Amino acid sequence: MFIFFKENISCECIERNIEFVSKFNYINFDFGKEKRGIYLLQDVSKEIIQEKISGIDKIIEINKPYKFVSREFKNEDTVINVGDFKIGGGNFQKIGGPCSFENENIFRNIAATLKNFGVNIIRGGAFKPRTSPYFFQGIGENALKVMRKVADELNVKIVSEIVSIDHIDLFNEYVDIIQVGTRNMQNYELLKHLGKLKKPILLKRGLSATVEEFLLSAEYIVSNGNMNVILCERGIRTFEKMTRNTLDVSVIPLVKKISHLPIIVDPSHASGSYDLVEPLALAGVSAGCDGIMVEVHDEPEKALSDGNQSIKFKRFKEMSCKIDKIREVLF
Amino acid sequence: MFIFFKENISCECIERNIEFVSKFNYINFDFGKEKRGIYLLQDVSKEIIQEKISGIDKIIEINKPYKFVSREFKNEDTVINVGDFKIGGGNFQKIGGPCSFENENIFRNIAATLKNFGVNIIRGGAFKPRTSPYFFQGIGENALKVMRKVADELNVKIVSEIVSIDHIDLFNEYVDIIQVGTRNMQNYELLKHLGKLKKPILLKRGLSATVEEFLLSAEYIVSNGNMNVILCERGIRTFEKMTRNTLDVSVIPLVKKISHLPIIVDPSHASGSYDLVEPLALAGVSAGCDGIMVEVHDEPEKALSDGNQSIKFKRFKEMSCKIDKIREVLF
Amino acid sequence: MFIFFKENISCECIERNIEFVSKFNYINFDFGKEKRGIYLLQDVSKEIIQEKISGIDKIIEINKPYKFVSREFKNEDTVINVGDFKIGGGNFQKIGGPCSFENENIFRNIAATLKNFGVNIIRGGAFKPRTSPYFFQGIGENALKVMRKVADELNVKIVSEIVSIDHIDLFNEYVDIIQVGTRNMQNYELLKHLGKLKKPILLKRGLSATVEEFLLSAEYIVSNGNMNVILCERGIRTFEKMTRNTLDVSVIPLVKKISHLPIIVDPSHASGSYDLVEPLALAGVSAGCDGIMVEVHDEPEKALSDGNQSIKFKRFKEMSCKIDKIREVLF
Amino acid sequence: MFIFFKENISCECIERNIEFVSKFNYINFDFGKEKRGIYLLQDVSKEIIQEKISGIDKIIEINKPYKFVSREFKNEDTVINVGDFKIGGGNFQKIGGPCSFENENIFRNIAATLKNFGVNIIRGGAFKPRTSPYFFQGIGENALKVMRKVADELNVKIVSEIVSIDHIDLFNEYVDIIQVGTRNMQNYELLKHLGKLKKPILLKRGLSATVEEFLLSAEYIVSNGNMNVILCERGIRTFEKMTRNTLDVSVIPLVKKISHLPIIVDPSHASGSYDLVEPLALAGVSAGCDGIMVEVHDEPEKALSDGNQSIKFKRFKEMSCKIDKIREVLF
C-alpha cells in the first residue's frame, strides 16, 4: 500500500507518520515534494491508516511485482540529469567510447572526436568482468582518474562499469553514471548499495533476464532511494551463433508502457559485430529508445577488448546523422 | 563446385554437359541466361571438368552450408515479382490483412480499405496450423476461392499459408504468394515440392531456428528450381513472457549480408500484441527489411484468431505513413 | 464436455446419440468398450444432454488444453502393443539400430546382434529429414521393404521415421511403429492422418517444444482416433555447445503425472555423442521412462549419418545390463 | 604454459624461479607437493624456461579456455574434504536441509532427523538473493551463528550461500562449505576472493550458463589458489513452463570427462516441485554425480521460502534408500 503525502506536509508531521509505521514493514520514500510517502509492505486496514497517518494526499495499491519503477507509481517519464545533459522524457543521448580504457592519449582522442560529433557522455571500461580469468581485466582505479581528468577538460560526462561493492566510493567520486553490467544485474547486494547513492545508474539487462526480472533489479535500486536508473537493452542470449547476442527491440515499447524509467540500447554488445551496429541502433531508435551506447575506437583492430564490435569515427558520424533524421520524422 | 555456363551456350551443348555429369551427384540449375549451370555435389577434378564440359563461363566453390541462396552464388539482390508488384532490391511492400479469412464481406472490406492505403498484397489464412486441435482450423479451400475473386476485383495479390503437400495444386491456382509457416519451416518434403513451382514462396523462420537453418530451408526451395523466396522474420521463442515471441531484428542486416534473398518482417506474430506492432515494424524498416506483413482487422475483438495482435485501419495508416518517412530519410 | 457411454450401450443407441449431436461441434470416440462416447467441443446444457442422449455412464469436463491424452480422460497407463511386445504400464522396451538403413547386410547384422541382446524393436531410417538438402536423405522406399523382410526373418519389429503424408500407405504396410520426427512434431496435417491409423506412432518432442505443446501434438493423433502414441524425449535445444541437444529428464515424471501415454528416451540424439549415451539412458530409466531408443552400429565411423552418436555392440550390451539392474532395484 | 616442479624441489629454488618469472604475467600455484609450479600466461621460449627455471618436472600446454580445472592439469578426481566427510572420487554425499534458516528449533529438528538418515552436511540459507526486493531476504548473520552451534552439537557440517564479498570473513568463520548461487556465478570479484580461502566452495551453475562458462567461473576460484570447488547443477532456464527450471543431466558426464572437480545435483531448484525431486535425484545419481543437495522441511507448507519444492522426511528417507540401491548396482 502506497501512501503519498501532500506536497505541503510538514517535517514534524512526516516524522510522526514514520514513528507510527516503524512497527510495520515499510519503506519511507522521498523523490521530491510530489513523490514523498510510505510504502507499507504488509496489510494494515485503511481505517487505521487514515486515523493515524496525517497529511495523506492519496493511497494506492500497485498490483505488480515491481512498484516504484511502475507507471502506477509515477505516470510521467523520469528524466535523468547527468550534469546538464538529460536522458528520458524526450531527451536522447548518444553515448560512445572505447570498450576498455587503454591509455590517456587513445582515450582523449576518442572522447574529443566524439565530443565534436555532439556526444556528451563517454563510455570507458576500467574494471572488466571477463568470462575467463585470463582475459584482460581492465586497468582499474587509475583508468577512472584519467578518464575523469580528460572528461573535465572536454566537458563531457563519463560512464563506467562497477564490478564490486568495494569500489562504490571510488566510482561515486570519479564517474558520472555508474554502469551495472549484464553479469551483475542480479547482484542484489551491489544494487542495494547503489540505491543509497544519488548518482545515475545504468543498469544493463541480464543475458537471459525477462523484462519482469529486469524491472525488479531496477526496483532494488529505486526502492533503496535512487530513482536515477537508466535501463539498457544490450542483447539477450539466443540460439543464434552468427551474432554474439540478439537485440530485443520489443523491450523498448514494453518498458515504456509499464515503467517511467528511460531505456537505451547498446547495439555493440547486442551484435558483437561492427557492421550490425548501425542497423541495430537505428532499429532501437525507431522503436522509441532514449539513447544509444556504442563502442567506438579509432583503431578497433588494436583494441584490448571487443575490437570486433567497435565502429570507427566515420561510421559513427554517419550513424549519428541517420539517428537524427529518424528522430526528426518520428518524434 | 558450381559451373556457370556462358550466356550464349546452345541447348545442345547444355544437353551434352548434363549427359556427362549424369553419372555424378549433381543439380542442373537454370535461373535465366546469366545463372545457368551445374552444381556438382561431389569432387571431380577441374581438369576433367574443363575437358568434358563446354561453354563454361566460370567455376566457383561456395564454402558455406547454403549455396544457391548465398551472395557468392548471386551477388545482386533478388527481386521477386508478384504480378506487377516487386519485393527486394530496394522495392518495399506493405502486406496486410486478417489473420484468418472469415467471410467475404469482412475480407473485402479489409482488402479494399488497405488497397486505399496503398497496400497491394493482402494476407488471409485459409488453413490454420494451430497448437491445439480444438482451435479454429480455418475455413479451407473455399476461403482461397473467395479471396481470389475479391483480389481480382480489387487488383491486389494474395498471400496465404499452406499446411500440406496435398494442397499444392490448390494454392498454385488460387494464391499469388504461398506462405510456409513457422511450424513447417523444416517440413522438407513440402519445401521440395514448392521448389518445383515458379510461384513466390514466403518462408517464415522457425520458432527457434538459427539463421543458418533458416537459409538452409530456403536452400531446399531454391536448389529445387524456385528462386522466388521471400524470407520472413516473425519472432523467435525466448524466455520473455510479456510478448508472444521476440522479434530478432539482427537477422535483417545479417541475411542481407550473406544472401541475395529479400527479407520482410511480421511484427504481429513477433509481439502478439497490437500496441507493439508499430514500434516493431518501424524497427524492422530501419534495420533494412524489404517489407512488412501485418495483421489488420476492422474489428479485432471479433476476429476468429489472433485478434489481440491485429491492428485497426487508423493505426495501420499512421504506421504506414511513418514507414514511408523513415524510408525516405534512410534509403 | 466428455460424455462416456455405458459399456453395454447398443449400436442403435450410439447411432441415435450421434445423430443428435451432429448439429454440434463434436468428436465421437471409441477406444474400446469402456472408453466410448462423445466429446462436445461447445457448450450444451447438461439438462439437454441428459434428456437427449441415452446410455450415459458419466459426464466429465477436462479443464486442460489436452483432453484425450490426459489422466482425467484415462487414469490407467496406456499399454501399446507392438505385435507381442508391449510398451507402457510397467513394460519396458529397448529399441536399437542404425540411424539410417544402409544396406541389407549391415542392417541384418545389427538387427540380429541386438535381437541376441534381447532387443525386440529395431530402428532404421529410410527417409531422413536433414537440415541441409545436400546431406544424405536416406535410401527411401526400398529400405522399408528390406527392413520388413529382415525383421520378419528375425522376429523383430521395425520403427522408422515418416516425413510426408504421401508415404502413409507405404509406412502402414511396412513398418510396425511409425516415427514422427522432431521437425514434424507440429506438422499437424501429418498428425491428423496418422490419427486415422491403428498403427503405433512414436512422436518425438520438437526441438523447443514445451510439454504442453508436445501433448497437444499427441492430442492431434489421439483425438482423430489413434490412442497408440508413444512419446519420445530426444533432447531440447539449449545454449550448450558441447552437446547436440540437452536431454530433459524432468519431462518423464511430468508426463507420467498428467498423461496416460508411455514415454521413452532417445539418448543418442539428446547428446550427439556416443560416450554420453549410457549415462543419459540410465538417467532416463531412473526417472521412470518406459523405454529407450538408441543408435547402434557395428562400425559407427563408417555410418552414413550420425556415426558420432552411435554406440557399438559391446557398449550397448553393458548399458542394457545396467538398465536391467536399475529397473530391478527401483521398479 | 604450465611448468610443474619436481616434488623434492627446495624452497629456495622455488623462490628463485618465481623471482625469474616475476617480470612475466604468471600464476604461482601450489596444490600440494605433486601439483606445484608456475603457469605462464604469455609466450616464453622453452629454451629460456629450461635455462632459467630449475627443478622442472614437466612442461605442458593446456589448449582449453579452462586450465586448472581441466583433466589435463590434474588427471585424478579431486576429493573435497569437509571435515571427515568427502565429496568426489567415488565419495557421495547427500546434503539436505531447509531452503532458509527460520529458527533454531525448526533447524535443529530438520538437521537431527537428517543426521539420523545418514546425512552429514546440512544446508540452510541465511542470506537469500531474491528476484524481488520485497521477498524474504533471510535472517542474516545470526542464522549462521545458530546453524554453527547446532551443527557442532550434532556433528554435521553446514553449507550456506554467500551474497556479498562483505560477508567473506563471516562465512569463513561459521560455515563449512560456502555456496555461490546461480545469480552470482559470474560475480567474478566474489569468486576471486573465495579463491584466496581454503574453505570448500559449492559453485552453482548460472541460469543460462554453458558448461564452458561454468568451468571458467570455477577457474576463477582455482586459479586464485583454492582447489576445493564442488560444482552444482541446479537446472537451467528453458522454455518449459511446468517446471521452474530444467535439470541438465548431460552436464554430469560431460564435466567428469573434462574436469577433475566433483559435481553434485540440486533437484529441488531444478524442478521447483516436490514430486519431481526424487526422479531427478535418481537421474542425477545414475548419470554419475557425486552428491545431491535437496531441500527438506518437516512442514513445507509453512516454509518461509521455496516450500513447494521441499520434500518431507519420509520421502527423503525413501529417496535416500533408492539412491543407495542404484549406487550399489552401478558403481
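Letters A, B, C and D name the chains as they come in the text, with residue numbers starting at 1 for each one.
Keep in mind that, in the parts below, contacts are C-beta pairs under 8 Å (C-beta built on N, C-alpha and C of every residue); 3 or more make two chains touch, one makes a residue touch a chain.
Computed from a predicted structure; not experimentally measured.
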Where chain B and chain C overlap in contact partners, by chain label:
A, D
Measuring between Cα centroids, which chain is at the maximum distance from chain A?
C
Let me have the rounded angstrom distance from the C-alpha centre of chain B over to the C-alpha centre of chain D, please.
50
Which integer distance in Å separates the CA centroid of chain A from that of chain D?
33
Cα centroid separation, chain A vs chain B, in Å, comes to 39
Suppose each chain is reduced to the average of its Cα coordinates; what separation in Å results between chain A and chain C?
50
Enumerate the residues of chain C that touch no fewer than two other chains.
208, 237, 239
Show which residues of chain B lie in contact with chain C when the two form their complex.
41, 65-67, 129-134, 163-166, 183-184, 186-189, 192, 207-208, 213, 216, 219-220, 223-224, 237
Chain C touches which residues of chain D in the complex?
208, 210-212, 236, 238-243, 246-254, 257, 270-271, 275-276, 279-280, 282-288, 322, 325-326, 328-330
Touch list for chain B against partner chain D, complex:
237, 239
